[in-house]
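Below you'll find the structures, each written out as structure tokens.
Each of the two complexes below includes subunit A, the first together with subunit B, the second together with subunit C.
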Partner chain A sequence: MTTTSHPSYLAPKRRRGSGLTTWADRHIKWLFTAPAIVFVALLIIFPIAYTVFLSFTDSASSVTRPFKFVGFENYATWLTDFERFWPAVGRTAYFTITALVIELVLGLAIALLLRKTFRGQSIVRVFILLPLVATPVAVGMMWLLIFEPSIGFANVLMKSLGLPAQLWLSGTDTALNTIVFIDVWQWTPMVILILLAGLSTLPEEPDEAARVDGANAWQRFRHITLPLLMPTLAAAAILRSIDAMKTFDIIYATKGRTGGSNNEAETLNMLAYNESFGNSQYGSAAALLMLFLMFIIIILTALTILRSKGHRA
Partner chain B sequence: MTATAQRPTRSEAAAARVSPPAPRRRKKRLLGPTLRTIAIMVVVLLFVLPLGWMLMAAFKTNLDIVTPSRTFDFTPTLDNFGTVFGAQNFAPFIVNSVVVGVGATIVALVLGVPAAYGIARFRIRNATAFVLLARVIPGVSLLIPWYFLFSQVQLVGTYTALILTHIFVTMPLVVAIMAGFFEGLPEELEEAAQIDGSSRVGAFVRVVLPLALPGVATSAILAFIFSWNNFLFALVLSNQETRTLPVAISNFTSYASVDWGGLMAASVIITVPVMLVALFAQRYVVAGLTAGATKG
Partner chain C sequence: MIIRSRRNRRAALAAPLALALAAGLMACAGGGSSSSEKVTDLTLIAANSPWTEGLKTLATKYEDETGVKVNLEFYGNEQLNDTLKVKLNAQSSDFDIYGYQVQDVMREFSRNGWLADMTDYVKSDADWNWDDFQQSSRDAVTLDGVVYGVPVMTERHIMYYRSDLLEAAGIPVPTTLDELDAAAAKLNDPAKGFYGIAMRGSKVPLVTQFSSFLYSYGGDFQDKDGNASVDTPEAKDAYAFYGKLLKDYGPPGATNMGWPEASAIFAQGNAAFYLDADSQAYTFLDPASSAVVDTVAYGAFPAGPAGSHPYSIVPQTVGINEYSKKKDAAWEFIKWVTNEENSKTLLADDTVPSARDSSWADDAATASFPAGLVEIVRNSEGTVGHDRPQLEKVAQAREIVGAPAISAIEGGDVDSAADKANTDFQDLLDGEK
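On to the complex of A and B.
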């Protein structure tokens, strides 16, 4: 292979090739990207625009039923709904923040634990990968059995430790926290893997210098590793918070379409699904989804600003 | 994961030379690796035990499942799998999941790999925003218009609708992973091929693609796993004939009394294939899942 750095315009005139290949070469940028762009436009941009449109209508019960324009009525109804909407906002925020904090702290601790090489490292990493690739609906079913109040392992364990049995997923007060636990079990591995990848790119010199200067493990972590790892930690936080806010599969699998008989596990995403495909209130559901999307974008913007501040510090 | 005797690294040796060998420190050094090994084992157990529990329950009778004393002491049975394939007739659902997963992966590769090349080589910056957008949008807000659209053209319940919607899951993955991969390939190779008389498209097909095969494998594996695991789209857009595995499993609990053995057997059937893929393609899966996250 001859190594050369000639820019492509210095390439000799092609001997072979019809007008078609010349045309394809000249327009390769758009030729390669256009099919994907058209697909994105047809299946994402147009549908989103249609959802925005529907959010201002009273579309309901059937997709063929004619609907009329109602302005901001759907939005006003949701924003004054203290029965379902605001509790769902609260649950979404509680679920996301709790799961995120636990996953980041636990993920960081485990990543530091697994950082240095040890025998059996690759098999340990495979084990950690398993929850991550397991089908969420099946994971929900698995925990449904483990947390079953009368026959599940969770209460067998509680009793053997001398602790009172819990209702777990079936309890109105405990359901959401139990789902946080399931989310932590399934997604902490994601944080671990991202942080391990981030840790492997850190330079070793500052850590070694501090060690020689007599800094102990905690001081080295607090003042060297943690600041260097901040960008990766922020990236993991953004990825996890986006997904946690939209959690659907495990809630549906463990609590059903309405998030339990008292809606105790009903987050915004669950409420939107129930309103559209449970109650067939498409216009109302579309407005709810727009509000939900706005919340997501606000939180995402806040996190991104925090991250860029962290970069400068 | 037996006890690991770690050789001190160079820096540890340096630290030992600098600081006086206090007895407390020496004891800590012996204790450290053992504690670390125990901690690693606890972590592994926490992540693996629940899956082991599911696996065991799949081979138990329902009587054994509800009897705590038979937690580990039971006679394995294949009856649950018999129920899943017999009474529940799961085989067609497996076929559906494979057809939709393979279809959505192939289309995502055909559309996404050239697009990722274009994004990487011509530095189309807004493209990454699109990939992020796909991750941010709640799936339900696409499902409503899709449901309207597919109802109008009589596509609800068809493979076409399922594959088209699953591409929403698979293509962003392919584009994100492949764009990162192409950025890492030196441009000189393509230029050399062009000087030798190849066209740009020819250079892509004959020089770049063969080099990018590991990346293609990574994104194909992950795309298939994500399509296989997807629940929401098939929940609305499939019917009795085209139902995928996650939807079929979620229907299990709608009966009055739960058949735990059958439910766990069905869960094992759906999770074991993706876990085997993760086991054999661990390096690729990890690379794909963390792609882009560490670039800051």
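On to the complex of A and C.
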């Protein structure tokens, strides 16, 4: 035992009577986690709770103006809106699935190519990663210029190859696909990066064993590399699909607030932005965002169930 | 159930927030300034424009003269609106003065209580002379007898054209819309990548530029009772004409073009005509971005069946944030920056089209303005003071009344599109009653 005198609050025996200290001692785990809990509450729970609250009101123009509770009216209005809402759902799904499939296939192919060491590998890797570090709005502006139908570079190239000029981003039918292309250009590098990391952790023995047994390159890829890489591929798919679903910046930069003159590139995120910041209909916009959130949760739950079933099989 | 005040909720939230942040952030919490304190700085936020360019110099001058520092924050138009909505919904007092587009937001913002009443301010100083501002500009910033801002820029719809091409082809400068149609048809040469005309073709941005066509055909977005009137024969003809110009003589992809895209086509020397606001003249006079510096010329808006009725509006206004704690100081700065002398300086140095009559009467101040343009500005006969539907939900209305023009550009059924637009627009108007 030491003989130095401790300050009273470090004394081993608890003194009764000092209310605050006793309370703090008893609830020490809450006290220490309090900052984190407050932080989470403020930054995550409050915004979501407030959005849920708003979605049941007709709040518009300013949240300080008087508003009424309207129950599920906002939700009903959206779910029966076949002019803007359902086409936007369709576009969001189309955009996400198309971009995701192309990015995964392309990403896997390039990752397999980059897996082997070769001269200048680091330079090639840096080049491939460049789109990833560019600001999405700047990327949107750049492609807008390239795809300008009369003075842009894309059509100059098309003409020099003897191909007909295209409307690209300006065309009602071509705009969404062009934006998928931009998304693929920007985000395939991320898929490559994830898959390369996954590939580098794969054991070499199964591959060598198959080689000894006379399996050709395709057989080794199809039956050994791909199954081993599946968890990584699934992770990349989930990350990219969430990102693709909520794509906003490149669409806004290339097609403006309404997603084009015929709303041809209006996804759910764009529609919600227009409803809140353009039209100041906060109640209705909140309901739309809640529906969007529910869609995402349903899809992710379905994906997770599929994954766990796949693991068991 | 109606919730009248959200203050209680705010207070309930504020308590735990204050507790949690007290220790760390005490130092950052600036004391609330009372009105008796001497103001040493102001914050102004606005959308980029020739006016904000000129403001950079003037703000420094103001600080030298008075010791009050004016912090400037500039945004793009849409970004400014987003920023204002976020900050004002939160009743923010971290800015004192803001620029805004009267016709887009004045109704909504004033009803939200976001704009300070400036009626007494503008009438408080006879030397500053509120009456020197053009009547139409003063009307524009007044709603139900209350003044909500001071106009700092004016803007008219004009016709930009290539004088060299018209001369070479022996075409006189069009004075009617029919002549414009004929001239655009003659000069149009899409095989060579050259187009008769460039204008806005994107649904929402085009509404303001379509307005002058609508008025010159004898129509308007709303009739004198404020009801929707975009299904009248005049309106349908105007839609069809606007669409035909872009469909037959416009660049490909016109429906994706706001003014930056359309003006770029003209600036690159790829179009014979460009109809848009006169405040863009400077973009064609900058050799760095324009190939038509020496060949661009300016004409009055051509006359339609009902005459020439271009819009003449106030694109930039400065108002005071209702939540600001420095309203008097904010007014002092607004008064200074919009006085006769500074309005002339802005016109002369930064080609800011002033809202003051005295600026335009001064030949020295207008000398910087392109020749040909000053005459158009001075002649305000027949102009219309609005360029979009007049209601609170302007953004929704613009989407609705812009749609028939898209049908026209794409060669669709304009009549039924206009009928549908009218019904939707009327529903929107009824919802505000």
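Heads up, the rule we're going with is that the second predicted complex is superposed on the first by the 276 of 313 C-alpha atoms of A that agree within 3 Å, B and C clash if a C-alpha of one lies under 4 Å from a C-alpha of the other, contacts with A are read in each partner's own complex, and residues count from 1 in each chain.
FYI, a contact is a pair of C-beta atoms (placed from the backbone, for glycine too) under 8 Å apart; a residue touches a chain by one contact, two chains touch by 3 or more.
This is a predicted model, so every value here is computed, not measured.
Once the two complexes are laid over each other on the shared chain, residue contacts for A:Lys68 go to subunit C alone; subunit B is not touched. Looking at the shared chain after the overlay, A:Ile151 reaches both subunit B and subunit C.
Touching more residues of subunit A than its counterpart among subunit B and subunit C is B. Look at A:Lys255: by the touch rule set out above, it reaches subunit C but stays clear of subunit B. Contacts of A:Gly120 after superposition on the shared chain: subunit B is touched, whereas subunit C is not.
Judged by the touch definition given at the top, the superposed model places A:Pro35 against both subunit B and subunit C. When both complexes are overlaid on chain A, the residue A:Leu306 reaches neither subunit B nor subunit C. Look at A:Phe277: by the touch rule set out above, it reaches both subunit B and subunit C.
In the superposed model, A:Val105 lies in contact with neither subunit B nor subunit C.
Within subunit A, the residues touched by subunit B in the first complex and by subunit C in the second are 35, 46, 63-64, 148, 150-151, 277.
Touching subunit C in their complex are the following residues of subunit A: 34-35, 38, 42, 46, 61-69, 148-151, 165, 167-172, 175, 255-258, 260-262, 274, 277-280.
By the touch rule above, subunit B contacts subunit A in their complex via residues 1-2, 4, 6, 11-12, 14-15, 18-19, 36-37, 39-40, 43-44, 46-48, 50-51, 53-54, 57, 65-66, 68, 71, 110-112, 114-115, 117-119, 121-122, 124, 127, 130, 133-149, 151-152, 164-165, 167-168, 171, 175, 188-189, 191-192, 194-195, 197, 199-202, 204, 225, 228-229, 231-232, 235-236, 245-246, 249-250, 252-253, 260, 263-264, 266-267, 270-271, 274-275, 277-279, 282, 285-286, 289-290, 293-296. If you check the complex, the residues on subunit C that touch subunit A are 1-4, 6, 13, 16-17, 20, 78, 81-82, 85, 88-89, 91, 108, 111-114, 193, 195, 201-205, 251-258, 261, 264-265, 268, 270, 392-393, 395-396, 399, 402, 406, 410.
Residue ranges on subunit A touching subunit B, taken from their complex, read 1-8, 11-12, 14-17, 21-22, 24-25, 28-33, 35-37, 39-40, 43-44, 46-48, 50-51, 54, 63-64, 110, 113-114, 116, 118-120, 122-139, 141-146, 148, 150-151, 153, 156, 185, 189-190, 193-194, 197-198, 201, 204, 207-208, 211-212, 214, 231-232, 235-236, 239, 242-243, 246, 248-249, 252-253, 269, 272-273, 276-277, 282, 285-286, 289-290, 292-293, 296-297, 300, 311.
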